[in-house]
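Here subunit A shows up in two complexes: once beside subunit B, once beside subunit C.
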Partner chain A sequence: MLAPWPVALPLVAAAFLAGLGDKLPRRLADAIAIGAAAITALCCALLLAGPPVVYWFGGIQPRSGTAIGIDFAIDANGAGLAVLSSLLILAALFFSLKYFDKPAHMFQVLLLVFLAGLCGFSLTGDLFDLFVFFEVMSAAAFGLCAYKSREVGPLQGAINFAVTNTAGAFITLSGIALLYSRTGALNLSHMHRMIAGHDDSLVLAAAALVCTGFLVKAAIVPFQFWLADAHAAAPTPACIVFSGAMVEAGLYAVARLQGALFGLPQLRTPLLAAGVATCLVGAVMCFAQRHLKRLLAFSTIAHAGVILCGIAVLEPGGLSGAGLYVVGHGLVKAALFLCAGMLLHRLQSIDELALHGRGREVPWVGVLFALGGLLLAGAPPTAMFFGDGAIHHALEAHPIARFAVTVASIATGAAVLRACGRIFLGLGPREPDAPGGGEQDEEPETEAAPIPWSMWVPAAFLLALAIGSAWLPREHAGSAAARMLDAHSWATQVLDRAQPAMPSPPPEEPLAKGLAHAALTVGLAIALALLTLFRKRLPEILRGPVRAVWNPLAGSLRALHTGAVGDQVAWLTLGVAALGASLVFS
Partner chain B sequence: MLGHLPYALAAWLILWGLYGIVTSRNLIHLVICLAVLQTSTYLILLAIGYKAGAVAPIYADMPAGTVAVDPVVQALMLTDIVVEATVVALLLAIAVQAHERGGSLDPARLCALKG
Partner chain C sequence: MKARLVLFGIGALGFAAVWFAGARKLDPMGSYHGAYGEILNAVSVPERHSTNVVSAVNFDYRGLDTLGEEFILYISVVAVAAILRKQKDEEEEDEDEAPTQLREAPDSDAVRLFGVGLVPVTVIFGLYMISHGSVSPGGGFQGGVVLATVPLVVYLCAGAKTYLRIAPPALAKGGEGLGAAGYALIGCLGVLAGKKFLENVVPLGTPGEAWSAGTITLLNLTVGVAVGTGFVELISSFVEELLRKAEK
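Up next is the complex of A and B:
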């Protein structure tokens, strides 16, 4: 009976605050928003702890294998994503308490609507509802992104975000309509029974169309262009939810649809190729940034590529690794964004080069930031470490993908550690006017002031949770992943009310191998960060060849990120055509 | 043959909508192109539910067994319209703000973020 509450509760609280928020005392409005998010987190945690359940709205049960009503089909993966989302929203609400100088109850309203959309998206078992919750989440996210509507940057970011994601969503809707025309159903399991074994070109084309919208949301190459613009411009508390949960929700939908509906082995090659490209593009672009939020945004792209590689092998081992990775990455990345927000609040800048050495004023932020960088590179103990190991294990037969995943870990960790060394330790030469393209700095969102507890407590709490996530039960994640990919077992539970079967978890990678790999990536990340900081001291014979490769590589990739919405939609069109062609002609 | 016409028209609208967005030099025009892209989904949905000679799915005065068009796609289309109205309204509001702050509706001149 808990199932509808994670959607209903934040929506009711949001409606209440939208209507009466400005008449209530600020503290009461804050308490209502935080209370609603906390109770939602609790409900989702109870759903996660319980067995997989199917909840039919209005009690309209399926009759003789035909779904008539609309259901929530809740498993550990969906409930886990909902828990992660509500924890991140909770951290965002806390962080925003003192972040806006004016009362910001509309910001809280948008965050709560966003939470309702995310929870519904994670729990639903109906394809059209998946689209509707996707749009609820998107509309709230567009509003959050454009919240600082007095500057050009956020408006441009919001336009790019809204236009590309909405175009992707309509393409998804066309695919849903085509699948409905074939099956006459919208329930995932019911549709699966109608199309199982009929992977003709209509189903393949529809699969490509449906996946497109979710891949746009997940910022997979070549759909990734909007993400950095939106993340760099959005208010920091919104960024943590965008990076930690929204991008991952897009990937979750791809995995969920592949598992419960399509079951198409043809998806493996195009998804794996896209995952590899995403890892590499994200890694290079991340390392080339000096604007901290943009740097973190590109690292999210690289990590989305890692998660997609885990999903794309279409095996329980890779999928359970991806699930663990999502949890660890979401918490670590959110904490890093909060650290960037604290720097912007205290020092009124988030340009890595302009902040050279100025972070010594706030050493504790530096400790959190460095810890986040190490965890991002794959240091134990987090769920991200175990997820990384499981993804590597699952990619045994795909050496290129393993290489790309390793590069993503090293480059993103090194970029964060490099920024950390420069800002908090004052390492490397001072070069505030160095040509370092892209976005440089951002208008501060607050008056410069000491960092209040409501900012550093959420960041420390998220990092503590990330470390605690290493003790998540991995066998449980493994069997949940195996079940997610078993459309038949889902269908019997949803349509025939059979008891949920718990498959045995896939074999794990030995711990020693994972530790050795983590030592390698973390060591290389630290070395790369130090080499970049002290590159002027290296002999020219070493620097020359590196520059000859790096400058054209980063320069040409950067030139593609024009920030123009037309270019982004052109890439989207190319991407959907390539995905469709690779499926239909495979 | 004629039955395929709505699908062909939908594909044509999708392509024109995308072309318009890609080449647009005015944010209002761009948002309307997005709406054109959206109308293709209405056509697909209605074409899927259409049956020649069937009545509207309101059974109040109909004898049992009357053939009606599929009401599900019509419900989907209504939801689709609500989604479009929300997104288009939001985007137009952002376009107005962009014009006030940036002094231009040309997306190419709004490029504060790149690289």
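Up next is the complex of A and C:
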């Protein structure tokens, strides 16, 4: 009964606010937006707590195994993503209360429609409906990204974002068309029954095409180029949803389609390879940034790589790890973005080097930021810590992927801690012309003023939730993951109205092993941060070789991130070709 | 630049190869073996009293997709309005810009006469398309776009100020919100009646008549309002920008 509300409620609230927003008192408009997001979060949480359900819109049940209408096929993974999305939107709404100097009901409208898109995307059991909600989410995201349209940078970032993601969406749509021509159906489970066991080149090519649009959204190498530009361009409250939920939604779609529709073991190798590349590129680029939002954006790329590695093993253990990781990462990363937003608000800068020591004015932002950095490196207790452990466990047979995942944790944690040490503790020498990350600063979004409660409370709340997420029931996540990969079980529930038993969860990694691993990554992250800050004190014999490797590596990678939309589309084409060829011609 | 072309060339060749490998296995042109289409053709008139099966699919069997599609259009218009909105410090910048030439009403009786003739016909045709969506080709999306051309014709014949008088932005904005919310609210009616979201709750009427097919016709109306006013708002955003610059 709860199923339609996560989509219907934010849409009605958004239409209401857009139609009447400037006539309503500001407080009332704020209350409507926040109330709608809060009730949505509650509905999704109730769906998460319940067993998997199938809801047929319009009451149009399947007839003799043929789906006629559209269903929401809701499991813990989809409902969990919807809960995460609505919590992040809620935090973004709170944070933006005093963030824009003018009433910002248009911004709230965009956020609410974005939320409806994310929820529909997470819950639907229909391939075309998935695409529709994907587009709802994209259209709202483009608007959010271009919101600061007075500056040239944001418009360019938003255009890159829109062009690459729309190209990806068209490729996905063409894949859907191929599959529809084969099956004459659009329901995931129905299509699965038609193509199971017939994975000829049409199905394989379609799988590659359909996944491409979602991998673009997930910023997987070589589709990642738009992400950092979009994050640097978007207002901070939008960034937290982009990084915390939208990227993950792309990965969720890949897992969902593999589980409910394709069931293709051939996907393992190309997805793992892409995951490894994404971890490494994200880690290097993240560490090379000084613009805080770009730094966090590239860390999102690295973490998307980690999540993809967890999904790509195509086993319940890795998938449930990825699910937990998404929750922990989304909350932590969102809190970090809010900290960056507070710095931009209070100190009117977001450049790590320019802010050297100036963070002492706002020490508790530093506390939040440092805590976020430690958690990002994999410190317990968060769902991210358990997810990281499970992903490692699942990657036992893939040492390279294991290595890449570890590098991603260390480098992104170290980058945040380095920025934290420099900004809030004034560690290390002043570096006026240290290797910069392309764009170094951006125009402040507000007049400088003390940080109001509406900014720091959401950040603290998100970190508290991240810590609380460690106590999420992991067996539940494990059996939900096993269920997600069981297309047959889904099909019987969706089409035959059976209620199959939940599978047993995969075995967990022993806690001691996870703790030891976390101690290693966190320790190395702190060490790496300190070594970078105080590198001038190291003997030249140590610094020389590091420089000789690092400078060309970071330099050449940065040179590829030109920000030119033509380059991004060229890489996208190459990526689809590689993914498709690895499936079709192997 | 050259590297990009090489990169794109290799990618495009690979992409074409993958596409060809997939499309080679397509069924011959015109063959359809899904049960889906057959079932819909058979059930849409007896169940939904809609002689336009496409409308029955769009607004009933797959009505949720259409809700999403309506909001894609809706949020795109909102996003454009948000991007074009007047922002702080824009006032001063405007001073530096050369005033744009405002489009005056054309000094041509032929154009004006043509407009006078076109407007009523277009209004009636648009309303017909929206209200007969369940009977014949057309419906809210198509009719809404036709209706939105009416103010545009007025703009061409009588200039920007008349345009803004017959299509006030506040009305367009309100209508757009109402149309968009209306679709979702009609969906909620089903839940209030103890049925599923978007399930039909009104009498179905006689197949082939304009007021038949229950919620399909009502949803067509809301989409017609949302699409029509949405396009008007889009045009207004640009016209207002022009007016503002011309007044300098």
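By definition in this document, the second predicted complex is superposed on the first by the 582 of 586 C-alpha atoms of A that agree within 3 Å, B and C clash if a C-alpha of one lies under 4 Å from a C-alpha of the other, contacts with A are read in each partner's own complex, and residues count from 1 in each chain.
Please note the rule applied: a contact is a pair of C-beta atoms (placed from the backbone, for glycine too) under 8 Å apart; a residue touches a chain by one contact, two chains touch by 3 or more.
Nothing here was measured: the structure is a model prediction, and the numbers come from that model.
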item	value
Which superposed partner A:V163 touches (first subunit B, second subunit C, both, neither)	first
Touched partner set for A:I311, first subunit B, second subunit C, both or neither	neither
Contacts of A:T573 with subunit B and subunit C, given as first, second, both or neither	both
Partner chain(s) touched by A:D229 [first = subunit B, second = subunit C, both, neither]	first
Subunit B versus subunit C as contact partner of A:R558, first or second or both or neither	first
Subunit B versus subunit C, judged by how many residues of subunit A each one touches	C
Partner chain in contact with A:F133 - subunit B first, subunit C second, else both or neither	second
Partner chain(s) touched by A:L178 [first = subunit B, second = subunit C, both, neither]	both
Which superposed partner A:V152 touches (first subunit B, second subunit C, both, neither)	first
Partner chain(s) touched by A:D200 [first = subunit B, second = subunit C, both, neither]	second
On subunit A, the residue positions that both subunit B and subunit C contact, one per complex	128, 132, 135, 139, 142-143, 146, 149-150, 174, 178, 181, 186, 564, 566-567, 569-570, 572-573
Touching residues on subunit B, where the partner in the complex is subunit A	10, 14, 17-18, 21-24, 27, 30-31, 34, 37-38, 40-41, 44-45, 48, 72-73, 76, 79-80, 83, 86-87, 90-91, 94-95, 97-98, 101-102, 107-108, 110-115
Contact set on subunit A toward subunit B in their complex	128, 132, 135, 138-139, 142-143, 146, 149-153, 155-159, 162-163, 166-167, 169-171, 173-174, 177-178, 180-181, 186, 228-229, 232-233, 294, 437-439, 558-559, 561-567, 569-570, 572-573
Residue ranges of subunit A touching subunit C (in the complex, touch as defined)	1, 3-4, 7-8, 11-12, 14-20, 55-60, 63, 66-70, 101-102, 106-107, 109-110, 113, 116-117, 120, 128-129, 132-133, 135-136, 139-140, 142-143, 146-147, 149-150, 174, 178, 181-186, 200-202, 204-206, 208-209, 564, 566-567, 569-578, 580-581, 584-585
Touching residues (chain side subunit C, partner subunit A) in the complex	4-5, 7-8, 10-15, 17-19, 21-27, 32-37, 39-40, 43, 60-65, 67-69, 71-72, 74-76, 78-85, 87-90, 173-178, 180-181, 184-185, 187-188, 190-191, 195-200
